[in-house]
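Below, chain A partners chain B and then partners chain C, in two separate complexes.
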Partner chain A sequence: MSARLRSAVPAALILPGFLLVAGLFVWPVAQLVATSFGDRAGALVHYVKIFTEPTYLRVVGRTLLLSAQTAMLCVLLGYPLAYQLNRAGGIGKAVILVCILIPFWTNLLVRTYGWIILLNPQGVINGVLRQLGLIEGAVPLVYNTTGVLIGMTQIMLPYMVLPLAAVMSRLDPAVMRAARSLGASPAQAFLKVYVPLTLPGVLGGFLLVFMLSLGFFVVPAILGGPRDLLLAQLIEFNINQTLNWPFAAALSTVLLAATVTLYWIGDRFFGLGRLWGAR
Partner chain B sequence: MTGAAVQISHLSKRYSDFVAVDDVSLDVAPGEFVTLLGLSGSGKTTTLMAVAGFVDLDAGRIAIDGRDIAGLPPEKRDLGVVFQNYALFPHLNVFENVAFPLRMRKWTQPAIEKAIGRVLDIVSLGHLATRRIAELSGGQQQRVALARALVFEPPVLLMDEPLGALDRSLRDQLQTEIKRIQRDLGVTVLYVTHDQEEALALSDRIAVMAEGKICQLATPDEIYENPASAFVAGFVGESNFIDVTMRGQDGPLATVAPTGIPGALFTATTSRAAAPAQAQAVMAIRPEALRLAALQDTPPCNAIPGRVALREFMGATVRLTIDTELGPMIVRDGRVSEAARFKAGDTVRLSWNERDALLFPPR
Partner chain C sequence: MTKGLGNGILSGATGLLCLFLIMPTLIVAPISFTQTDFITFPPRGFSGRWYEAFFERPEWYGSLITSTMVAVVTTLLATLLGSMIALGLARLPRRANRLVSFFFLLPMIVPTIITAAALYSPFAKLGLVATVPGLVLAHTILALPFVVINVSAVAQSMDWRMVNAARSLGATPLVAFLRVTLPVLAPGIAAGAIFAFLTSFDEVVVALFVSGSGATTLPVQMWSGIRFEISPIVAAASCLLLVVSCLLLALFWFLKRK
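What follows is the complex of A and B.
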């Protein structure tokens, strides 16, 4: 095989993927951004609307808040899970992985409707609480932000746990021993050495979950209530109901810009790209 | 700071059915520098980490100045430990790395600053206090690890291959410094290495380890001149080994027949009680104990003919490989010695003194 041919083969293999990404992703996104600026009344009308009308500002604010809450919950639940995943051997590791990954592999709709069965006023959780005499009536766990938060956290948890566990596994165990030999109790060694050294993983995971949550549609649409609309739902509403595509495009562009900015911050300061081996 | 005595008695550790440390006993005197020397996997680190408190022992007792420390967690043992690859805290700068043990001991800030100023001077790092760990060279990281382990004035310092990751010249330099610091501070050191030159240069005594056991514990001179086994003779310094059969023994002197030359007889020295005639043995001779002469000289006893196969100039010494009926033999002598005059291809006569030919049981 000639040198020329040898370098041509990988190029040919990359081509279909490249065309797919360029044709089906980059081009439509460019169109989308163009559409958002393309109104005859002025390039920025839709953006002015988003950032001045309280209704839309509230949606943006609510989306940011819910995404942050989801990411925070994922940190709180994910840190101990990742820690155990990294320490456990054989069977323990498998059990934790299965618990995290089975929901991950399960169909999104199935999983989300599953939550309704558990969370609705006549559902399993309220039933148990009533049986125990802890409540009368029902705690509202679904068709509101609580429901969305629960569903989102479950879906996002692997995006926190897996990169974090990878960061933890790269930590040299001798460093923890060194802390102990220098006079630190196990708790002090954990707080003064383990936590600071795994913090980049926490911040990276937080940003990743936050970013992914910003644009999430299915869970809020099924588990959310009619009064707490999120950005993705607002976009869907403008596309399917009011047919205001330029406004939907502007909303999407805001979402895209926020995501790209967050990714840049994460990559620049917390090595987000490294978390999944991008460099 | 004065050193403490370390007593290790009958230490054993097994991993499933593999014995990593096998009944190791070792007494280190206050202020003494003792090295565990052995090949990789011989149980050095396990022994050292047992003293530091990181290994659950199957049997044995460890005492510091007579006090049993078996029940104490690592943080209560008050020992300085320098780990293989240093194990510095990458999120802290040099100052905070060294301050860590003092903060754990709740020292006041002025006391911390004073102690760190002093210890960083000892390891010549005073100018780098605010550097990040990632910005340091290997040698500098090694000094930080040393400073961090010494700053709280522990009576005992444990070091696991502290120079293993450094290049030759840096290693020689730090070796001298470690020795100087240890002398100045009077701290007891238990040191681990697989490098025999390092062990010979640094130690008051060396414990040679193999397969989890100590096979010889003695001063560097004693180990070099009087190795306890063929293994030690080959591992510490270089030795030529010749398979022989015992023929007779008179006190420490023995007559042996080399397996390679039918009919020849040599005399050699043995430290063991009389071995039965016909027993197999191995004779070890140091390269510098072999003499080279031109072949035509009258042959003394304990001599064999040979031909120079390779001559390597080592600087201060010359190393010659001589092909003989007993296989290749290594000769080492000074740069201006008689042996150094021979070139590759010359026919020569190799001879040695019976005092320098040591007999051991076969390996």
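What follows is the complex of A and C.
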């Protein structure tokens, strides 16, 4: 095989997929971004609207806050779970893994519907609380921010736990033994050695969950109330209800810029691309 | 003493977390066998009437057929194209590899709501809205990154000298590919295919935009079911999806262990 022919092989293998993704994904997304700047009244009118009108600023703020809260909850719940997953052996490990992977592989709508069954005023959790005599009536757990936060945290938790457990499993146990033999108490060894060494995994997981949460549509739309509109829902609303494409395009561009920036940071500093692949 | 207490707390917390993760997933199973017209817990009676309803109402079983069809064709297309891309990537120099990989990961990074919005007008122009081919193309784009990741993982760690050895021993390029390269890559290709199927079978957002009365997928039907229908038929559909997911997960584990 000649050298020229040899270098043509990878190109020929990649080309069909490249044409598909370039033509039916990258080009349309670029068109969408272009639409957002194409208004006769000025290129930036829609952006000025997003970042000055309180209604839209609130949606942006709420989206950022909810994503940060989800990511924070995932860190708090995910760290002990990843720790235990990494430490447990045999049946214990298998049980934890099944509890993480079955939901992770199950349709989002199934889990969201499951949360409605559990959280609604006539639902399982309110029923149990009433039976125990702890409450009268019902605690509002769904169709509000609480519901969105519960649902999002459960759906995002595997994205935190699996990469974090992988980071923990690569940690050499001898390091902890060394800390102990040098006189550190178990708590000191954990706080001063284990936590700092697993911190990149925590930050990477936080960024991944935060980034994925920003663009979430299905869960907030079903579990949230009419007052909890998020960015993705606002985009959908402007396309399907008010048919305001340029404004929807501007909102999409803001979301896109935020997502790609976060991915770039995450991949550059925490190897986000590799973390994501770990199922 | 304190150590035992600490371990006890940690085990208790782990149990609660496992419950938190698995409960909303498994709760659909008992609900789907209820006799009542609405969701009650604990479910009253035991009947398969909601499964009967699922397979009698064309909007439900029809959407299952559409989803299966779209997912199967998407799997074939994405697995073929994705494996070719991964094979090409393995022969590229490092820098080019990183750049091209990033390009093919984009559909996974970009939020699906943006993909859905972006695809709408080109699909309308091409007459692809509310058609099975339209759904297949959209889902192939979304599934491609998962195939590329899984096949690349195997292709990067493969010892390509094996192929050279086969060639020097007289195998034609085709024979070397079929009998050396392909068997080595097979686990990665199979894993990629499973992810591609699941990506398509479970996808809601893009399907909400590009499907219509001509082609409705099961997730889209469930979406309207959850929002506009209270009957436990959604629970029956959920339980069917749960079974499919568990089977695919078991298959994935089986392949991984081999």
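Observations on the structure shown:
The definition used in the following text is that the second predicted complex is superposed on the first by the 256 of 279 C-alpha atoms of A that agree within 3 Å, B and C clash if a C-alpha of one lies under 4 Å from a C-alpha of the other, contacts with A are read in each partner's own complex, and residues count from 1 in each chain.
Definition applied: a residue touches a chain if its C-beta (ideal position, glycine included) is under 8 Å from a C-beta of that chain, and two chains touch if they have at least 3 such contacts.
Quick caveat, the model's predicted, so the values are computed rather than measured.
Room for both chain B and chain C is found when the two structures are superposed via chain A, with no clash between them. Touched residues of chain A were counted for both chain B and chain C, and C has more of them. In the superposed model, A:Gly183 makes contact with chain B only, not with chain C. Within the superposed three-chain model, A:Asp172 lies in touch with chain B and out of touch with chain C [touch as defined at top]. Touch criterion not met for A:Ile265: it reaches neither chain B nor chain C. For the combined model, the angle formed at the CA centre of chain A by lines to the CA centres of chain B and chain C equals 90 degrees after rounding to the nearest 10. Applying the stated contact rule after C-alpha superposition, one finds that A:Leu197 touches chain B and leaves chain C untouched.
By the touch criterion stated above, A:Trp105 is placed in contact with chain C alone, chain B being left untouched. With both structures placed on the common chain, the touch criterion links A:Val139 to neither chain B nor chain C.
Contacts of A:Val29 after superposition on the shared chain: chain C is touched, whereas chain B is not. Of all Cα pairs spanning chain B and chain C in the superposition, the closest are 12 Å apart.
Chain B contributes residues 49, 52-54, 73-75, 77-81, 83-85, 87-91, 100-101, 104-105, 148-149, 152 to its touches with chain A in the complex. The touching residues of chain A, counted against chain C in their complex, run 9-14, 16-18, 20-21, 24-29, 31-32, 77, 80-81, 83-84, 95-96, 98-103, 105-118, 122-124, 127, 151, 154, 157-158, 186, 214-218, 222, 232, 235-236, 239, 248-249, 252, 255-256, 259-260, 263, 273, 276-277. Of all the residues in chain A, the ones that touch chain B in their complex are 172, 174-175, 177-185, 188, 192-193, 196-197. Looking at the complex, you find that chain C touches chain A at residues 3, 10-11, 13-14, 17-28, 31, 39-41, 81-82, 84-85, 87-89, 91-92, 100-101, 103-115, 117-122, 137-138, 140-141, 144, 149-150, 153, 198, 201-202, 204-205, 209, 219, 222-223, 226-227, 234-235, 238, 241-242, 245-246, 248-249.
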